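In the two complexes below, chain A is the common chain; its partner is chain B in one and chain C in the other.
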Partner chain A sequence: MTKTKQKGLRALKFLFLLLLAILFLVPILLVFMNSFKSKFYIIGSPFSLPNSETFAGIENYIKGLSSSGFFAAFGRSVFITVFSVLLIVVCTAMTAWFIVRVKGKFTKLLYYLFVFSMIVPFQMVMFTMTYIVNAISFNNPIGIVFVYLGFGAGLSVFMLTGFIKSVPLEIEEAATIDGCNPLQTFFLVVFPILKPTAITVAILNAMWIWNDYLLPYLILGTGQKTVPVAIQIAMQGAYGSVDWGGFMAMLVLAIIPIIVFYISCQKYIIKGVVAGAVKG
Partner chain B sequence: MASITLKNIKKTYDAKHTVIENLNLEIKDKEFMILVGPSGCGKSTTLRMIAGLEEISGGELLIGDRVVNDVAPKDRDIAMVFQSYALYPHMSVYKNMAFALKRKHEKQEEIDRKVHAAAKVLELEEYLNRKPRALSGGQRQRVALGRAMVRQPSVFLLDEPLSNLDAKLRAEMRTQLKKLHQDLQTTFVYVTHDQTEAMTMADRIVVMKDGVIQQVDTPQNLYNHPSNQFVAGFIGTPQMNFIDAKLAAESGRYFVCFDAYRIPLPDRMVKARDLADYTGQTVVLGVRPEDFHGEAEYRLKTQRNLIHLPVDQAEMMGAEIYLYGEIGKTPVVAKIPSAEPVAAGDTAALALDMQAAHLFDKRTGDAITD
Partner chain C sequence: MHKNLKRYFPVFALPTCAAFAMAFLIPFVMGIYLSFTKFTTVTNAQWVGVQNYITAFTADNNFINALWFTVKFTVVSVISVNVIAFFLAMLLTRPMKGTNLFRSVFFMPNLIGGIVLGYIWNLLINGILSYYGVDITYSAKYGFWGLVVMMNWQLIGYMMVIYIAGIQNIPGDLMEAASIDGAGPVKTLFKITIPMVMPSITICTFLTLTNSFKLFDQNLALTAGAPGRQTQMLALDIYNTFYGKIGWQGVGQAKAVVFFIIVAVIAFLQLYLTGKKEVEQ
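Now for the complex of A and B:
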């Protein structure tokens, strides 16, 4: 009796998760499908598969790539994402280590400031921030990396402190006795132990930084476009007309890197989140 | 090879909370010294000060002839084994052991030679490529020891290294550690709360309580001549029995009186010290469980020291049997050979070996006789 009940429950769970998966996959599939259709057929029948009449081959891709300055934008996006993520991971790991190991009023305050920064909406600070960024000439691909460090730090510090609390202090003391100075202790011993959580932090930040539209638009403007800005601007014609074909093709190209990155690291994301949750 | 000297060592936290007031201790070269005491007695703090992991608030710490108060841990020529082993989880056994040597920029061949030599002694050769998480508790413990050994330090510091192992493995490791000490001919300072470990391995034992050294002596002397009631109670299992008794004197002879008993003190005790000051006062009689004798021939020999213990509970331990009961209102444990026919509910006739008994000052707890 209970066994059949359990089986039923499992089937129900499976069905629910399947539906959820489809719900998430459909939009991506739609983008992919429509990127091969000629632009006049996309609005009319977005859900139909391309056929001999509607199939446009890679025409959309060629048109998109040639018109949007996609390659330059792609390179800029890669630069910004890679360096922002690197900076976030290294800096916040050190900060989190400092917060956990040096106990005091100052570090407590620092921790709460980081946590607080997570709940402040971006829109609240965007105008003042843009003004300051312009004033100190950070409105370039290198400067924006530091701006991303600020926006990514809250969640990252929060996750990493949770994990570092579970790292026994004795391991660091052993390193001290073995001849490490604090910097060596961090990079040779603590940081490698943090790897799963650090990778999780990297993935989470890489995803939103890669996809971010508003911040680069505000800071870099249309002069130094990132991928999302470039696509939007290139495909939006005059009088609200949109080249949906090119748009879809560019979207496909834009999501490929982040999906590949996610899939290759996804086993760590679960490990990292669980480690933080259970031990933190 | 080095001796360790602690001179008027003081440790305070936040300038208010004093853990160790004034500690003086001399650990000889190549000695196996064990610090033992209940938790919070300051034994681990003392060890960590020797290691350089805790700052010393006052006094002087010497390793050999060198004052090391302000010397970094890595330059103190020490190695430490931690309770949780503290292995680097992301490194293989080999890398764990080679880590300190790499930091000292030793030659690769030299590192290789030392690691393999240590691995051979500790029977770890086949595990050198494994990560710590793929090892059992005992193996991890040996890696931690190996990591300390390869550095060939002049002092080994061990902080409760066996407390995470099961009972059987612990007994095995005790023998191994003792042997290791003999082979390495190095100073060992070992912290534990387990008096069995202390008794079985140490050359000398430091018994600590509330940051104060109670006694420093060989295991044998601690057991036979505890300097106070705390040491007497801490060393030996089951614990020594403490019975409040009145000291009486009659025509040059002394007696301890408790419950309905009046037991003469042996000449040894009387000669050792002038007991006149304590006459008529309450003292504490200390008798180890094994100094109660249930054997018939013993009872016959010491008629005057016979007591009758109503047995509430009898615990069969194999070779011995533990008898629990009360004399007056004082709980008492006796340990007699299991061949004696005693069961719960019986009243056991037990002879008290007064030659091995102790007397303590009721107020200060200090030993009156040694």
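Now for the complex of A and C:
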């Protein structure tokens, strides 16, 4: 009796989770579905399935995207994300090692400044930061990579110093005795040990930079759109004449890389995000 | 050891420090100074004392309204996200068919960016409301609950994963001892599970609190503050003060300083209060 009861309870639990999972997927599926409907049939009836009258094939993807410069935005986003993440991982790892190994008042101060920057909301610095970046002409896709280094430094240095403290000093000493200079010691000995934390740092920064809207909007403006900026502009700048078909296609193309990235390295992502949360 | 490492400062730390100074440190110091001045382009700043702070609170109700809206939103979000995420974590801790798939599905929305997220829910909510002949900008109530539902969708999976890790860390013999002593499921939950996962609760509360309080992208994409400015949260109000009215940059900067102070106080208070309830293991 109790066994069947338990079985029934488990089935109920499974059913409940299944329903909830479907509910969680509905918003994303809704966008996918509507991206294949003709633009006049989206806003009024987003829940109706495409039929012979409303089905538009991949027309939205072709027309909507080529007209709004979305592909250029996509390429720009990829460029900025990849190079920012590379720069952040290498530079902050070096800085974190420097902070841990050179003990002194100055490195301690540096460390606390990096940690402090994590709690300051972006709105606090956005106006003055934009001013400085414009003044030194860093307001282009290459300059913004350095701006991201500055904003990503807080969390990255914090996480990496936490890990480096657990790296035994003996290994580095051995390398020094063998004739390595600090640069060689770092790249040949220390950096390989840092790999797990470096991957975490890379994932956290990649997700943030790919999705970031306000910073690229303020620095690059609408002339050099990234994906989130292109989406916001398509909606805001159109004043009532939004091409909903093209817009749905944009949303789908913004989500697909994230889903592919997620499916291909899910383990690392979940681990990385949780590690970032626990330490941040 | 590493006696000559200090000399390598330009190689190891200078690039990061320079970028950090440009993006954060100098703008932060300038921001504090400019909040006491009237300016339009930074270079033409004139000292006005605390006038900007007074104007921020008294010239109109925008800032106070945004603050109140943000607080309400944050309270409702923190409670709903954490309760649901904890409940789901309890359901998904023991291995069963499909556990991993469920976890993956619940976690996924967290990776989608705020702007995209806002427009996905804009489509969904407006689609539902269109059956009643209205849309999300019809009433501030719709905007509020729309934001709450969206926030739950985004954060539940993330918090769930942290709770699962916390629950799995509870030693099995503790649970066993409780069941031998005759504790029922409810008693076990309140006397063992919850006290033992207090560190996770601290982290999750802290994360949802700051995430909700600093919300910007989702707010902009879902309602942009409409109707009127009724669903405008603090970050969006600061943005609109900076870039919406010429000559109000100083007021915007003053609001940003107030915003920063609130966020900092919450961060410290939260860690201090919940830190005390953690069980030593």
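To be clear about the criterion, the second predicted complex is superposed on the first by the 217 of 280 C-alpha atoms of A that agree within 3 Å, B and C clash if a C-alpha of one lies under 4 Å from a C-alpha of the other, contacts with A are read in each partner's own complex, and residues count from 1 in each chain.
We adopt the following convention: a residue touches a chain if its C-beta (ideal position, glycine included) is under 8 Å from a C-beta of that chain, and two chains touch if they have at least 3 such contacts.
Just so it is clear, the model here is predicted, and its values are computed rather than measured.
By the touch criterion defined above, A:V31 lies against chain C but remains apart from chain B after alignment on the C-alpha atoms of chain A. Once the two complexes are laid over each other on the shared chain, residue contacts for A:V189 go to chain B alone; chain C is not touched.
Touch criterion met: A:T176 reaches chain B and chain C at once.
Residue contacts after overlaying the shared chain place A:V260 against neither chain B nor chain C. Among chain B and chain C, the chain that touches a larger number of residues in chain A is C.
By the document's definition of touching, neither partner reaches A:L12: not chain B, not chain C.
In the superposition on chain A, contact is made by A:F138 with chain C only, not with chain B. By the touch criterion defined above, A:D212 lies against chain C but remains apart from chain B after alignment on the C-alpha atoms of chain A. Touch criterion met: A:M124 reaches chain C, while chain B stays clear of it. Under the contact criterion defined above, the residues of chain A that touch both chain B in one complex and chain C in the other are 173, 176. Chain B meets chain A in the complex at residues 51-53, 73-74, 78-80, 82-84, 86-90, 99-100, 103-104, 147, 151. Those residues of chain C lying in contact with chain A across their complex are 1-2, 4-6, 8-9, 11-13, 15-17, 19-28, 30-31, 34, 41-42, 88, 91-92, 96-98, 101-116, 119-121, 123-124, 126-127, 130, 153, 157-158, 161-162, 165, 203, 207, 210, 214, 216-217, 220-221, 224, 235, 238-239, 242, 249, 252-253, 256-257, 259-260, 263-264, 267. Here chain A touches chain C in the complex through residues 10, 13-14, 16-18, 20-21, 24-28, 30-31, 34, 42-47, 91-92, 94-95, 97-99, 101-102, 110, 113-114, 117, 119-129, 131-133, 136, 138, 146-151, 153-154, 157, 169, 172-173, 176, 182-183, 186, 207, 210-214, 228, 231-232, 235-236, 247-248, 251, 254-255, 258-259, 261-262, 266, 269-270, 273-274, 277-278, going by the rule given at the top.
Against chain B, the residues of chain A that register as touching in their complex are 168, 170-171, 173-180, 184, 189, 192-193, 195.
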